[in-house]
Structure formats: structure tokens, C-alpha cells
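Chains: A, B, C and D, in written order; residue numbering restarts at 1 for each.
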Amino acid sequence: MDAAALLGQLVVGLSRAMILFIVSAGLTLVLGVLRVPNVFHGSLYMLGAFVAWTVAEAAGFHPAAFWLALAAGPVATALVGLAVERVLLSRLYHREHLMLILFTFGVMLILNDLVKLLWGPTYRSLVPPPSLQGAVTVLGVALPKFNLVLLAAGPLVAWGLWLFAHRTRAGKVARAAATDRDMVAVLGTDVSRVFGMAFALGCLLAGLGGALVAPTTSITLGMDHSLLIDSFLIVIVGGLGNLWGALVGSLLFGVTQSVGLLVWPQFAVAFPYAVTAAVLLIRPTGLLRSAW
Amino acid sequence: MSGWILVGLLAAALAVAPVVLPPFLLYLLALILVTGLLATSLNLVLGYGGLYQFHHGVFYGIGAYVAAVAITRLDWPAWLAFAAGPVAAAAAGLVIGFFCVRLSRLYFGMLQLSLGSFVWIVALRWYPVTGGDNGIHGIPVPAALQSLPAAYALVAVVVAGCLAALWAVVRSPFGLTLQAIRDNPQRSEVMGVDVRAHQLAAMVLAAFFAGVAGVLYVALERSVFPNMLFWVLSLEILVMCLLGGWFTFSGPLVGAAVVVGLRTLVGRYTEYWTLVLGVLLILLIFFLPEGIMGHLQQRWGAHRTVAPRPAPAGDARG
Amino acid sequence: MADLLRVQDLWRSYGGFPAVRGASLRVAAGEVVAVIGPNGAGKTTLFNLITGVLLPDRGRVWFAGADVTRWPAHRRCRAGVGRTFQIANVFPRLSVFDNVHAACLAHARKGFELLRAARRFAVDEARRILQLTGLEAYADRLAGTLSHGDQRILEIALALASRPRLLVLDEPTAGMSPEETISTLQLIARLNREHGLSVLFCEHDMEVVFSTAHRVVVMHQGRTIAEGTPGEVRSNPEVQRAYLGGEEAEAAEARTRTERSGGPVMLDVEGVHAYYGLSHVLFDVSLQVQEGEAVFLLGRNGAGKSTTLKSVVGLVPPRRGSVRYRGHDLTGLSPHQVARLGVGYVPDDRRIFPDLTVLENLEVAARGTGYWTLERVFELFPVLREKRHHRGSHLSGGEQKMLAIARALVGNPDLLLLDEPMEGLAPRLVRVLEERIQQLKAQGLTVLLAEQNVASALRLADRGYVIDDGRIRFEGSVQELRENHEVRRRYLMV
Amino acid sequence: MAARRWWVLLAVGALAAASVAGAGAAPAVRFDRNIKVGVVDTYSGPPAVFGNDALNGFRLALQEINRDGIHGARIEFVTRDERFSPEIGLSMARELVLQERVDLLVGTINSATALAISAFAREQRVPFIVWISKSEDITGARGHRYVFSTTENTAMAGKALAEAVARRGFTRFWLAAEDYEYGHRVTNSFWRFMKRAKPEATLVGQTWWRTGEPDLVPYLTQILQARPQAVFFGTGGAGMANVLRTMQVIGFAQRVPSAIHTAIDVTVLRPLGAAAPEGVFGTTDYLYYYPDTPANRKFVQDFQAAYGSPPGFPAFHGYITAYFIAEAYRKARSLDRDRFVEALEGLRIQTPVGEVEMRACDHQAVLPMIFGVTRRDPGFPHLVAGDPVVLPGRDVMPTCDDVRRAREQAR
């Protein structure tokens, strides 16, 4: 194993980590503010990919429509999330957590079947515009050009979320509501709207992850399954509700897998899980401080 | 008293089932019994213990896999392998429980979900032993169990025995203590109860009975599949408990009957069975939060119950 | 008499805030000892340290001759320490009988008895305790459906099940009706007399303390400052000053008050009944606040002050009765709607957002374009400006109090509900805060001040109400209250 | 006892078969009911593409068959969606046999389900014909009297591809596969046959990724860095689409020759359109455009007319399965399951790719394999197989002795 190969795999692993981060950031946001482990988060990721594909297809896969398609995915999932939260979930906040989790499971079952109904079982592909097709050589590794977009998107999203949480009033209110929602209410803020917004934002990130992953892979039913478990593990390893924890967890996941390929390619898939297990056995509440 | 009459009638119905039911319905009944035992074992920790056991299916799968692997790969005598399944499941319950009971409710569930997922991944990837995504099929079972009525008889007798044992546990000092812990762990602690030890013991017991269910599945289907350890199945078992009523003893059994029955029935007409289940689940959460049996109990006033206390905002530590 | 319990110089902090700093006491076998002290004096924390719910940072606890300082709660329970909690703490989904039975089983160490039926163990014991506590009639009811008072008695029953030698009761009569209080006191007395049980309890109701306790220990700001017979404590000047807020300071005060009655009615609470779950907390509470007034709502801990304020802001919506504010009906509005109408609220437990900085705590609350800007709030509380980038959880108790008030102010309220702003603060800080509140009043803010510190309340307010057991017991001006010794003695322990 | 009955049945069956054969022109038989086929396959999720394609081929054939009928009976069928999940598939099969009382079972895309149902079929003595899933265990180590396969299996695919690749002179290989039953089987048999064809072949390394892995870039870049002379990929369906796309994006196939079973298949290449890479070696047992024979043309035309797109390999399997069933019943002249099994053994039928035999020793249809290299062609909207070569079925199949040995070993 030479240094160049290691660096190459690191770069490759980073772009995967970025997708994981975007999705799990949404999950951890919802966990932190609403304290709901949203089981249909993965379905939204899938939905985001399908919507992006549909918009691109409607535009005849015109290169100019590509970015529009990428934007349409998250917007659609945010709307779906918002609708579910406003109409149903918001009526359940006073109930036990178990009910909230099972509710999101029910929504997952419905959403997955709806995606099947609407798009059918065929797999689709969303081709990036010519300028982003093909690969560039980074550190001797052929890296798809679109992965550069991912490498940029991750930090951008992290930065954006940080700005939101610390520089906007809404973000600060959401952080405050995470610890004491009644107090936020008596200060004159409609907490339920804050929750709706935070939930929609979380869902938006799931859809964004899906839309961003769409040009790199086949868009299929079931693409949500392994991702959901991965992102749950990531937020647990990072510390529930902790945004930076999601970033750390994603990097751990993405990088251990791609670097693990150099060490023991046959079992590289198991590396992230082994690392997660090790972390949790030592620190059962995750690496960074949990918001819970 | 009427309860015992009902139990007697049910036992009689189970006894005559092989004579009156066509084979497929007999098989379905056996499957419902196995699933019902699985759901009831979950409810020992969920409804009676107040633990968010999100990944109970793991113990079911471990019980089934250990029995299957012992028979097909290690050439153990079938009955010995059948005994090994529940023991292994209980051991897994001890290990997973050891790490989980230290944590608060939701973290408990989440950690369990992740530890359970490791077990699932092991089953899915350890091809030489577990058969990977393929599972293990055509497991040779003792000649006495070859026919469906024989397999049914085993399932019916064992499930009835396990339910009786679980009933005894629920009514025992341990069961009462467990319910007290569910209602108020802190108060129990101050009362002199070692809360974690009880929770751990409950997890081991529940895992054991889930393992029994897993072994019965092997006896009935002669197959094991990695999906038995997948989190989706675990959530389905949770749904069964909720549907039947997770503060009642019979609820999970009823829930299992409804879910397994509907899956078979609806599955014949539409490929969108999960959509139906999802809608059913949401309706349930909104309109029948105490589940079918819980609702009936309230209606008939067998016990006066109160709505579960809403978890206060900072509850996670509970 | 040998000491059954001995506590020596206990210390315990929460997140930098020392709740108990040097508490010592002893309880002899067969003795009934009361711990008194203003809210926030550290009584509950002390009890948690004694029963093992919390472990101390420093100090020692001996029980029956053994050093139990590091023992976990369940081990102390087995050694003979039984306790109840400040808020009803039973097993709501179990029947009353099962509640007690579970406790008896725990005491009998039958918790791991798996297969034999529970009813084969300790049933007589459970029945005996139900009888002793007068709960037999409710044996089949689910505990969660009992009245608040009965739940408290059930709690005592649970504590008895462990056959304790010492019963530690945290405000056993809080929130009880007078009848329930009397029967509870009789129960305690009987347990002490007939069963030789030692009792350690804390209580705000001085009637209860002085009629029940053999000895009284006084706590203030986390320290035990005095002890003695009820008579001795009553006449101890240090206790007077610390506990009762310094009558002499009040007497020395000769400021003229601007009597400002006659403004339009701003807040009109009428016939409000409020509940926590099933327990009825407020009974037919009515009060009025006029524009520009400062109104006190006095009462000891658990009397219903906080609940009254919470039912105004919508955190505990009244089940019956109405709350009107400037012509708006507040009943049925959610808290944020109430707040937007101009009602500011400072909770007694501060409720600072711990993960947000001081500045962010204020930004989250800032609302409207009124007088109060961040700048003006910082002028009022300069220490907050210094610490504006510190996280809320890193502030001291006094700073958190100030932040809580500042946070309410930046919402530019017209009516400010202050819930025990002085609670648990050092005297120096009390002075500072009082000055600030005076300033606010002078600026024309209408204030409803819930206090148990009589002196403070009387210095700050124009007129007001006394509440006890969830009922308004007195209404009148400061002068009238000052002269009404009966009310002050009965409801305010003065 | 059970074994004895089996022998009696066999004896009776053999006698009956002999008498039928002996009688030559036997008297006309009329079936007193229709033949009922239970189809268990995946009709939801990504693999449903294959399940639906196979069912369409099956339907098309049934239309033709039912026009004349079989001894006065028609073939009916019911479908059940196993959702790519063996326990559901097994449960469905059980329902079809015990409740719907079907005469035989047909399915499925999922190798794991096929093996599970096969075990059940053996126990219930119900014929089961596997039409898409390719695990060689189905008719190999775990084959039995009641299971048949009308699809090429991993042994055939591995052997065909290994021999074709071996001719090109590579010696240093990398194996990369998706971690599921088919991936394991096809990869193992490729390597087994490669070592047999070229004992000096060495393995540089191997990679396994899990099913549904969205991003294969790390895997492929790592393989490139290890510089093998050729790579074998064991994957199918959506996973295959992912491999091909990623190869295309990072220019993998241009740098390392790659071989994938079904890489030249239409079901794989059509959805990818231009996103598929050129120069990948592939095999399949059916192409709608090659060989361009009248029989194939007719099948393609009919299929295109009925379903609006050309048939993929599953459609071909579905189509010949229906004909195998029909011909076997014609020959058995009975609805008896054991008579049907015996009639199917060694049966030869005419298909769009010529005569196909159901080999009696292992119940495996003897299908030819086509080898080719992916290439753009202006005449097609998708990539096609360039330089196709047909390898006769009997050359790529394990011998009856191999199968017997495998079965003995499994026991």
C-alpha cells in the first residue's frame, strides 16, 4: 500500500462521506429539535432522487435543467415532510416517543409503496451535464467529476447549517426549543411552527442527499434501506442531535470503508460497522456531546 | 373465572384445529402462534418492562440460526440444536442488554438497533456458516416432525407452554416489580429494587422466548432467512404489540394474528400490502392508542386504566 | 438516645451551582425532625443525598452506625431508610394494592422470584400497610386515578413497605386539602408513636412543622444555620433574618409609595380551576391587576403561586374559569399567543437555554420595537454584557435569574409575571434585583410578583393577594397585610 | 415407508411411460380440468423488471398454447409477489400449493427464494421450474427430482466467460462481486473454470460490496490501483447497472479489461442508454437481435407487438418455460405430478434459439451461451454485443458426473 493510493482512497471516501453527512445531518437535526428518530428519512432520500430524475426527464435531460432537477428533489421532500408534520405528526407530540417512532415507520411503509406506485420498479439513471461527465485524476485516482461537486456540497451544507443554527433567529429558536419548548413558547414564539420548519429542513436535507447521489448511481426502490441504517449509526456514533457529530460519524464511515479497501478489500464493507461497534462499546452515547 | 373458560375454549380450538382446518390454514395458524409468541416475548420488556426494545427480531433470528447452523453445519442432533437456539438467544440478550440497560429509554432503543444491525450484517455476510442472503433451507428436522400436523402440534404445545410460563412470570413478584419499574424506575430504585438487574433479567427472558419462537419457526418452515434479523421485522413486531394492546397480556397475540392474517389475505390481492399496513398503523396511533385488547378492556371495564403519562420534555433520562 | 442518622458537612453542586454547601444534622431514634427553609435552600437536594438518590461531593452520612455515604439508594433502603418525594411519585398503571405489594416484594427481596404467583408472597404485609394508611378502600383502583392527596398517602405507604426505621418525607402535605393535611399529620404522628419510626421531613407549612416536629433544623442557601425545638427556632433572630427576609429591613424602609390604583384593569383572572393531570391544584382563583400596578401574590411553596402564573400564560390551561387580558380572552390561547399580546413571564426555575449564549438567549426572546433593547437590558444588568458570550449553563444562579428577567424584558411586555425572582439568591443580589425591579416599575411596567419572601414582596408591590392551598385567602394593600397578623401567621409563617 | 412408496410410484410411472411409448399412437386423452401454474416472483422493487419480463414471455407463450389446448385443457396461472424476500416467497409457495392447489410452481428472480421454494417443493413433491435465478446449486448440489431450471446457471455462465476470457491471455485477475447468493456463485464458478482453463492464472485480490451499495467509486479506484490484468465482476440487476455506470464515468473498462455475465444483455444495457461503457466482455443466453433466425424474429415480433418492447433474457425463459410445461403435459397425458416430472426429463422442444433439451440427469435446460463485447451501434438505442460468439450449451455445462459428485458431497 503506497501513500498515493492511501490519499486517493481518502479523497474517494470523502465524497461518499459528504452524502452520508448531508443525509444524517437532517436526521440529527430532527432528533435534536423534535427528538423524533425519523424512520422515513431514508424514504425521503429515495424520493429526492426520483423527483430529481423526473424533473430532468420532463426537461428531456437538457443539461440546463440538471441543476433545477437537483433542486427539485429537496424541495419536494421538504414539502412532503412539512405536510406530514403539519397534518399528522404535530398532533402527536404529547404522546409517547414510541408512538412517534411507530408513526414515522408507518409513513415509511406508505411512502415506499407510493414511490413504487408512482415510478414503478424500473431503475433509472440521471446523467449529469457533459461538463460534469467523466473523471478527473486526483492524486493518481480517477475521480468522477461529479464527486467534486459532492466534495464541495458537504462543507457547504455544514457551513449553511452552522450559519442557520448560530446566525439566524430561527436557528437559535430551534436550538432553544430543543432543550425547553415551553419556555420558547412563553417568550412569544410559535414552537409548533419552529418544529414544522426544523422537520421540513431535516427532510430537505434527506432529499438533497438523494438528489445529489442520483447522478452517481442507479435510482432504485430500496436504495433507502442500507442508507437509513448507516445514517442512524452515524448519528449515534456522533452523538444524537449533534451536527458536528454527524460530520465526524460520516467521515468515520466513509473513510474507514474506502481506506479499509486497501487493507482488506474482502471485508471492507464491515469496517465502518466494526468501528461503530468499537466506539459504542467505549462511549455508548457517542463521540461528541449528545443533545439528549 | 370467565377468563379461564376462555382459555379452555381456546385450548380446545387449538386441539381440534388439525382435524378441521385445511392444511394451509393449519400452517397459517401455526405461523400465527409462532409470531404471537415472538410478540408476547417482546411485550414482556416493552409493555410490562417499559423498555424500548427496538430490535427484538435479533433474538428470534439468533434462536433460529443457531438451531439451523447446529443441525446443518455441526450435525448436532435436532433436539439438542433446538434447545441450543433459545439458550444462545438468551446469551445474546445478556450481552446486548448489558450495554443497553445503562442507557436512557430512547438511547437504549437506538443502541439496540445498532447492535442488532451488527448481528444482522454478520448473518448476511458469513456465507460459509449462515448461507448469506440465501439463508439455510431444507433443514432436516426429526422424522416425528416431518408432517404439517406434527409440526403444528409441536408449535401449539410449545407456544401454549411458553405463554403459560410468560403468564406466570407476569404474575410473579418479578413481573410485578418489572411493571413497577416501567411506571417509575426512580421510585423503584429508592424502594430497594435493583432496576438494571431486573431490566437485564427481563431482556434475557424475553430473548429466550424469542429464541424459542425462532426454533419453532425452523421446525415449521425448515428454513431460516437473514430478514428474520432485519430491523423492519422488529418494527413489525412492535406494531403487533401496539395493535393488540401493549398493556395487556393477550394483546400481542391478537396483534400477531391480525398482522399475519392480513398479510396473507391482502398479499393475495395486492402487492401493496405494506401500504395497507402503514395506513392501518397510522389509524391505530390516532384512533386506538391502547390497541384492540386495551380498548376492549377499557370498554368492558375489566380494569380501569389511565392514559399513559406523556413523557415530559426532558424525559429521555427516564 | 443514639443517633439513627448523622449527616456531617455535606456539599453538592449541580453544574457549578452549589445547592448544598455544608449541611449537618442528626436524627435520634424515635425522633421527628423537620427541615425548614425557603424554597431553594437545598432541602430536596439534602434529602436526595441522605437517601442516596444523589451522592455528595464532600461530607459524610452515617445511618445506624454505618457509613453509608457512597451507598446506592436501594442499599440504603434496605438498611432502613424509606422516603417520599416532593411530587407524587407512585406507579400510575398499577392498582393501589399492587403499588404497595410491589414495594413489599422489593423489601422481601422477592424481585427475582419468577414463576410462583406474586400473591403468594407478602400479601398480608401489603394489606396491613393499606389498612394502616387508610387506603384499603382504594385497593383496586389504579394509582394514577387517585386524587393528589391520596397519591401522597400512597407514597408514604410505599415507603412503609420497606419497613424503614427512618422515614424521609419531602413536603408530605404539599398540595393537600386541609382535611388531607390533618389526616396525614395524624398518620405521621401515629407511625412515630405506635411504631417507633423516626421521621425526617421538610415542610413549608409552619403549622405542620410546629405541631409535628420534636426538633427543627433550618436551612438557608444550602447550609444548616440553626436547630432546636420549634419554640427556640421561632425566636432565633438569625432564623428570622435569613428565613423571613429581615423584618427589620422592612421596618426601616420608609419610602413613600405612589399609590396608583384606578387604572383600567389589565389582567382579570376569574374563578380559575387548574389541574396537574388528575390532581386539582387551583380552586376558584380570582385576581386583578390594573395598568401600571405592581401586585404581589404571596404564598408559601406549593401554595399555587406558580400554577396561577402558568395558567395565565397558558402553560397550565385552566379547566374552568376565565383569564382576560386587556379585553382578550386568554383561555384557550397557546402560550406564544399570550406572550405576543404583551405578557412576559419569568419562571421561578429560571429555565435558561443552557446551550445558547447569553446573547442568544436574549435574541431568541427579543420581540417588538418597544423600550427594551439589548443595549438597555445590558445597562440594567451590566454583568450580562460582560458574559454575553458565555453559555447559559455556565452562569451562576444569580446571573441566570437576571438573564431570565432580561429575557422577558426584551420581549417588550406590558405585563410582567415574575415568579420568585429572589429565590435562592444571596442577600446582596436580592438587593440588586429589588432595585432593578423598582426601576422597571418606575418605567411604568405592570408587574405581578409571586413571592414567598414577604419582605421583598411588600417592598416592591402596591397591593396584592395571599394564596394558600390553591385558594386566594387574602386581598388588600400592603398596609392591610402588614396589619393583618392572622393572615401573615397562618399563611406566611411570619 | 416414504422411500418405499417412492419406489412404487417410480415403478408405476416407469411402467406407464413404457406403455405409452410402446403404444405409439395412444388413444386420445382428455384432461378433466385446466392446468394451474403458481408463479412466485418479484413484482415489486428493482428486480421486478426481470419478473415482469419473464411473466410477459410466459403469457405470450400461453396465448399460443391455449389456442389449441393440451388434451382439452388450458394452462392457467396465478402470481404471487415475493418482494425479493425468501421467507415471503416460501410462504407464498406454501399458499399456492396448499390453498390454491396448483399443479406446479414457477419462479423466481431471487436465487435465495428459488432454493427455499425448491426445498419446499421437494418435501411436497410438487414440480418447481426455476426461470430466472441462476444459482448453480438449484440444479447442482441441491437439485432433486422435482426442481427444474429453464435458465442458464452460474456454472454455465462462469465456464463460458472463463473460457472466452482465458483465450485472451490474461493471467493476473481481480474478482469483484456483490455480496449475495448470485454474486458468490457466479464469481466462484468463473474462478473455478478459469483455474481449470488456465492453471497459471493468479488472483491479485478480491472485493465484495454489499447489495444496494450506492457508490462504487472507492471499490473501482482501488482495483485500478492494484493493476490486475483483468477483472471479473459478479453482479446483476441494479448492482450491475451501477457497476457499468461507474466504469463508464471513470473510464475503467478502457484501462482494465472487465468481464461480467449478462453485461451484454438487453435488460441491462437498455435502461443505461449512453451511460454504459464500451469494451466490456459479457455473456448471456439470449439476445433479441442475435442470432437473427426466423424463429427468433417471429418471437421478437410477437413480443414487441404484445408488450411494446423487445424481449430480454427473462422473457425468453418465460416463453420456453411455458412450452416445456405444455409439451411435458402433452407427453405425460396425465395431470399426475410424478408423470409430469418424468415427461419433462429429457424433453426437447423447439425455441427461438433452436432446439433445447431438458437434461434428464440434473433437470437443467441445455442453453447456448453468447459471448460478446459491448459496443455502440447506430442501429440501436442501447449498446449491443459486438463480435458475438455462440457457445453450444453442452460445452459450457457441468457434466452429469460433476453434478452427481456435487450432490453426493452436499449430502
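The rule is short, and it goes like this: a residue touches a chain if its C-beta (ideal position, glycine included) is under 8 Å from a C-beta of that chain, and two chains touch if they have at least 3 such contacts.
In this text the structure is predicted, and so the values were computed from the model without any measurement.
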Checklist entry - Taking each chain's centre as the mean of its Cα atoms, which chain lies farthest from subunit A? => result C
Checklist entry - Taking each chain's centre as its mean C-alpha position, how far apart are subunit A and subunit C in Å? => result 45
Item to check | Between subunit D and subunit C, distance of the C-alpha-averaged centres to the nearest whole Å | outcome: 76
Item to check | subunit A-subunit B separation of Cα centroids, rounded to whole Å | outcome: 32
Checklist outcome for this item: Each of the following residues of subunit D touches two or more other chains, namely 43-44, 179, 210-211
Checklist outcome for this item: So subunit C residues touching two or more other chains come to none
Next on the checklist: Residues of subunit B that contact two or more other chains, please.
Outcome noted: 125, 308
Checklist entry - Which pairs of chains touch each other? => result A-B, A-C, A-D, B-C, B-D
Item to check | Of all residues in subunit D, those that touch subunit A in their complex | outcome: 43-49, 52, 179, 205-219, 221-222, 224-225, 238, 241-242, 245-246, 249-252, 271-275
Checklist outcome for this item: So, in the complex, the side of subunit A touching subunit C is made of residues 166, 169, 172-173, 175-176, 178-180, 182-192, 291
Item to check | subunit B residues touching subunit A - in the complex, by the definition given at the top | outcome: 52, 54, 99, 102-107, 109-111, 113-115, 117-118, 121, 125, 231, 235, 238-239, 242, 272, 274-275, 277-282, 285-286, 289, 308, 310-311, 313-316
Checklist entry - Quick one: in the complex, what on subunit B touches subunit D? => result 22-25, 27, 31, 124-125, 127, 132-135, 137-138, 146, 221-223, 225, 227-228, 264, 267-268, 271
Next on the checklist: With touch defined as at the start, can you tell me which subunit C residues reach subunit B in the complex?
Outcome noted: 51-53, 72-75, 77-78, 83, 85, 89-95, 98-99, 101-103, 105-107, 110-119, 121, 141-142, 144-145, 158, 161-162, 277
